[in-house]
Amino acid sequence: MSVPDGLLFTGSSVAAEAATDDLTVLRAMLTAEVAWVRAQERLGLAPAGAGDGVDRAVSLLSGSDNAAWALVVRVAREASGAANPVIPLLARLRAEVAAVAPGALAAVHAGLTSQDVLDTALVLVLRDAAATVSADLTRAAQAAQRLARTHRDDPALAVTLAQAAVPTTLGARIAVWAPGLAAAAGLLDAVGSVLPLAYGGAAGELGAVAALAGGDPFPLVEAWGDELGLPVGPGPWHTTRTPFVRVAGAFAEACAALGHVAGDVLQGTRPGVGELREPAAPGRGTSSAMPHKVNPVLSVLVRRSAIAAPALVAQVLTAAGLAVDARPDGAWHAEWPALQQLARHALVAAAAGAELLEGLHVDPEAARRNLAAALPDADGVGAAPAIVDRVLGALATRASEEGS
Amino acid sequence: MSVPDGLLFTGSSVAAEAATDDLTVLRAMLTAEVAWVRAQERLGLAPAGAGDGVDRAVSLLSGSDNAAWALVVRVAREASGAANPVIPLLARLRAEVAAVAPGALAAVHAGLTSQDVLDTALVLVLRDAAATVSADLTRAAQAAQRLARTHRDDPALAVTLAQAAVPTTLGARIAVWAPGLAAAAGLLDAVGSVLPLAYGGAAGELGAVAALAGGDPFPLVEAWGDELGLPVGPGPWHTTRTPFVRVAGAFAEACAALGHVAGDVLQGTRPGVGELREPAAPGRGTSSAMPHKVNPVLSVLVRRSAIAAPALVAQVLTAAGLAVDARPDGAWHAEWPALQQLARHALVAAAAGAELLEGLHVDPEAARRNLAAALPDADGVGAAPAIVDRVLGALATRASEEGS
Amino acid sequence: MSVPDGLLFTGSSVAAEAATDDLTVLRAMLTAEVAWVRAQERLGLAPAGAGDGVDRAVSLLSGSDNAAWALVVRVAREASGAANPVIPLLARLRAEVAAVAPGALAAVHAGLTSQDVLDTALVLVLRDAAATVSADLTRAAQAAQRLARTHRDDPALAVTLAQAAVPTTLGARIAVWAPGLAAAAGLLDAVGSVLPLAYGGAAGELGAVAALAGGDPFPLVEAWGDELGLPVGPGPWHTTRTPFVRVAGAFAEACAALGHVAGDVLQGTRPGVGELREPAAPGRGTSSAMPHKVNPVLSVLVRRSAIAAPALVAQVLTAAGLAVDARPDGAWHAEWPALQQLARHALVAAAAGAELLEGLHVDPEAARRNLAAALPDADGVGAAPAIVDRVLGALATRASEEGS
Amino acid sequence: MSVPDGLLFTGSSVAAEAATDDLTVLRAMLTAEVAWVRAQERLGLAPAGAGDGVDRAVSLLSGSDNAAWALVVRVAREASGAANPVIPLLARLRAEVAAVAPGALAAVHAGLTSQDVLDTALVLVLRDAAATVSADLTRAAQAAQRLARTHRDDPALAVTLAQAAVPTTLGARIAVWAPGLAAAAGLLDAVGSVLPLAYGGAAGELGAVAALAGGDPFPLVEAWGDELGLPVGPGPWHTTRTPFVRVAGAFAEACAALGHVAGDVLQGTRPGVGELREPAAPGRGTSSAMPHKVNPVLSVLVRRSAIAAPALVAQVLTAAGLAVDARPDGAWHAEWPALQQLARHALVAAAAGAELLEGLHVDPEAARRNLAAALPDADGVGAAPAIVDRVLGALATRASEEGS
């Protein structure tokens, strides 16, 4: 048995894996296929019980993690022959349906094309990932606000262009993290909630779907969206990649907002600074060479993703700009791993960022000492406390408006 | 005299140059400086007439294009000593003010930092560019809708993965361009209109501004925003780069949406296809080697920008994720050319795209012939006309809602 | 059990998986650890048999694919606590060694740091991947040369800027593929063969290694390199990332050279052109919606990688430029998945490209027909045959020089 | 008159501007055109004196900077109609030749295509830029070696993952800069010196050149290369973009190697560290808000380019992988600004880096103090001095081998 790559190097918390791993994607494809049969059944286009029958086949194929994982490996092997994983997956699904629910066989994937299923599966995965990332960003933003409030008046050094600048407060230095985190959360909510069902049939003309539906294809398409809880846009977006461009941008914005925090934390933890310290956890941050050392691994993981994510967005945008015909000849395929990894980076970074900020230790004494050392004659803290108030006030207003 | 780079290789229409060239940026910086003095004057913090005085100095410095251009060259030369162009520009502005309006001298740049002025100037430039690009995208989207309506029922070949797939209509092939263009226009409007004033003073603490204002710095900041017609956010965003990340993403989305169109047009104009033809213009598309040939230069320019833009967004995102301290030590500086070029690409591509779509020649006979050649036994056009109706209907509804 | 991501979306041939998957990386890390103990043993710094003892522990841990895969999952889970997978892997290795070869325990990882092991493991993986990609590129280049020779004189249309330009020959159109493929192969050989051992200890000072070795650390370092067949550079490169920058660039150049071929093939297979056809294979290129259709999946896979690879190089370069201190705080970590995926893309693309070119069907009659249709009055083929001769001659000369 | 963009934001030293600005590119295009006429003259294909005649016209057109600059603006305006600047430039050149050397008119651009001239002009510009960057990198590498030697034994703190790790020496920390700088210099030399003449005629078939030459086109092509001092490769590379991919990679590697240095210097100059200080220069590093402050602007400029360059390489690689037909429909055009800016970034960064390292102030007392504060019980400096010796020895050996 051979195994995939990527886990060792981007893997992190269980939640992050669960939200974007190949197993999740595989199951999302099967979920889309089942829902399509249920939609047909609802409209009387498939025999009663067909949806349940296909669902049973899916359970047999992928209900246990071990079976599902083996299926991932098998499908991945065969995917190169089709340049996409839907086709080999479908072959196995059909074989299973033929065995356990033969009456449903004709309805499986009827009228669909691979892209309908793969894009819809990615939408399901990315929607859930967006919601998780947004929740973690919100936790992080709230923690930043609490810290800013607590340290609103604690004098600290402001550094610009790597040099001592003027006095400010710890609160003002921390307060600027929150709007970026909150904005990224808001964008993910906005973008994630409108990620639409992908449909279009063979070439975006819905020919086979219309034939299946006996005329108007849209009631069936709408029923599919309804089964999956996905909005149905006005037309196919096989080559109009706005939804994926938007969600990719939102994940990258999340990584950037978190990277801003991590960069400041890392500077604050350096020797000779010592103003900030990551929350401890058993075994976390150990070094293979220096047992006494505790590394700021949450910040490191976040910064890693802030460095890695931008290029992944560029991949998605490049692919979007090269979309052509009714299905692109390579640009579509380049989107998949980029989206999967972007979501993964955002998930890991947001989880780490939330934990980092919720447990961040701030040392006002060290800050005061560093300020005095760098600017012995400095006086006051500018308007730093007023800025903290204004930023926190605006975020509170926005949160209460959104909550109402 | 030495000259800058970039014009030969990205230059295009006058409008595009005007919106992002160095002269525009230089004038925007001076506009920000004048407005700051006017704001002080309004609050009684500068002598009456100070704003007009500085404005006069600015006119002398940069009123004529020749003088302004010479100033660009001089400032650019000196900018390397400061790592930003505000400082040498300010030295010249102060010298001019000292000569023509000495009473205003103390108010020039009082309490500000370079980043306040440079970021605000970029905001002014990008806001205007966003509006221009959005308008051109809207023209392009409307033209696509007209073409889709006209060719709603004209049979044509749908191609997937570079191969003949099934019949569709020219209208359905064209209709999918419009939502991407319209969405990008909408995003640019949304993002451009909230690009905020940049402020913060030396290190985001507004210390000198507060001192100047005798306490609360915000009335003065608000007055500055008012002078410039820019919204004032709750706090400094020197290191919280959401505004630039958003506008960069919107410009790139525009390039991608336009690239999708250009790719399809280029395929449609190829030898053996001949279904689409770019609008002609005197001298356009000539070849240096083949006088008989007319090149589809509008599509080529658009596709060029679709290929180039994604990496520029990655630059902006990388910089945002590396923001640190109260002003970053290189990440900030990496944003400027990326934003300027992104705006330029979007401007050129949107202008070319609008002209392309408003004048695109569509040959239904060629489409019918190609369909018959590729799929001689094919019948019908699927649900293509219904899809056209649905897509156009949704866009019309959205447009009327936005217009109301 | 949870599973990693990435296989479904970039997976392809068994060879490609084997060369870069997590299992390969895990085993390379263990190989590096065993070799380190053997090196100590060779210099009398570890007890006789220590290397074999650790090797036995490694076999127990990861000898079977099932066990190794389970270890990957476990290590990946725990890696987030350390921000790298070496630390949890080492804990398990030490536990196993303690059980089966307690006398070797002290020598395991003695004096090393995580980065020594992880970078060295990546070097082993990338070196092998580079050799495989180079071999496939050479096959592809040779196939292109054969095709160019065969079709040296077959008249064909040259297209520029998507328009009919002038007559040329199929051979001249094909001949330009070969130098790019051959150059990329040569670069991979040159770069891959000098990928060096990574060493440096805790912070690039070799302190613990020197202590272990009783003074001069270099004989031990050299012995390690010798065990692994890797060149030993003059000093640590923990933060001097030239080796990874070079190999990343070489993989990306390979993808670009292959993408050039794939783009031409895809145009040549389009409806209305029909000059080129991919080699068939059972089940390859099937469509889930259109059973009659055969998709050019080899070209699509190659083009996918040509679109995806450039951004991954940007990730590696960004990380290299952000290297800081004695081990970077995030930039190092951003390299791993980028390098793994780049190698994967190059492997899949080169394998597909070699198969594509070795079996490519060329239809001179179609080319002649298309030329006549586009340029009915054209005459001659320029100097196309002479160009073919010159290009093939130069490649043959170079190949014979390299072979001698 | 309107002016181009880019100078304000990437401009720096006069040398850097001169090497890549639009004026340089324009003159390189004219140089290529003159050389082509001289080559024809040499082979008796143009009347005696034709080359001098065209040269005279070129002097009239662009001899003075003012005239040349005005020509840049005019050509840039007209370039959008042709999607490249050669065509409008040629129109003006022909008009001037018709006036001053009518007998040479027929030879101007005879048989060439725009891409021959534009690519060749870029080669001339990039070759010179590569040589300049390489020289500056060599200066920087030598300065790093001197510093490493001087501080070979000065104890200092090694930091990993932003935390105090173990003692090392300042020399060992500095020594690792040199190999990256020297390697980048070597790569630029290797890549720059083989950048080849671009030729191919209308569509890479040399049809019109062969007709002009009365048969074999290669003697004329060789003569052109000889006039320009450029190697002539076996065939056209209009779509085989290895030369530009290689030089782009080399410029980016230079930026990354320099970025590594800048990052370390910036950390070393921070408040609370104070181990390193940039060389002073009149007016350099001044702040618009804090007159007392001196900013490390050389490092900031370098780091800026290290952040910006990677995405520009991705643009070049993406374009290379999308090359298609005999001249690409957008991918070619996307290369120009990316290459121009990459060269600019490398020039500015290398010049700044050389100045930075040649004048870098190192404070061993501060380093000793910081080490003691962070690791009070630490002892020794590991094998740091031996590593310094080995690294410097290897570089000296390489330099003497290259020099011999």
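We call the chains A, B, C and D, going by the order they appear; numbering starts again at 1 in every chain.
As a convention for this text, a contact is a pair of C-beta atoms (placed from the backbone, for glycine too) under 8 Å apart; a residue touches a chain by one contact, two chains touch by 3 or more.
All figures in this text were calculated on a predicted structure; none of them were measured in a lab.
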| item | value |
| --- | --- |
| Chain pair with more C-beta contacts, A-C versus B-C | A-C |
| Maximum centroid distance from chain D, chain identifier (CA atoms) | A |
| Mean-CA-position distance for chain C and chain B (Å) | 38 |
| Inter-centroid spacing, chain C versus chain A (mean Cα positions, whole Å) | 28 |
| Of all residues in chain A, the ones touching two or more other chains | 83, 113, 159-162, 165-166, 201-203, 208, 266-267, 287, 290, 295-297, 299-300, 303, 306-307, 310-311, 314-315, 318, 322, 329 |
| Chain A-facing residues of chain B, complex | 83, 113, 158-162, 165-169, 172-173, 175-177, 179-180, 183-184, 201-210, 216-218, 233-242, 245-246, 249, 252-253, 255-260, 263-264, 267, 303, 306-307, 309-311, 313-318, 320-329, 380-384, 386-387, 390-391, 393-395 |
| Residues of chain A touching chain C in the complex | 1-14, 17-18, 20-23, 25-26, 65-66, 68-69, 72-73, 75-77, 79-83, 85-87, 90, 109, 111-114, 117, 201-203, 208, 262, 266, 281, 283-290, 295-297, 299-308, 310-312, 314-315, 318-319, 322, 329-331, 333-334, 336-338, 340-341, 344, 348, 352 |
| Contacting residues of chain D [partner chain A, same complex] | 157, 159-166, 266-267, 269-273, 287, 290, 293-297, 299-300, 310-311, 314, 318, 322, 370, 373-374 |
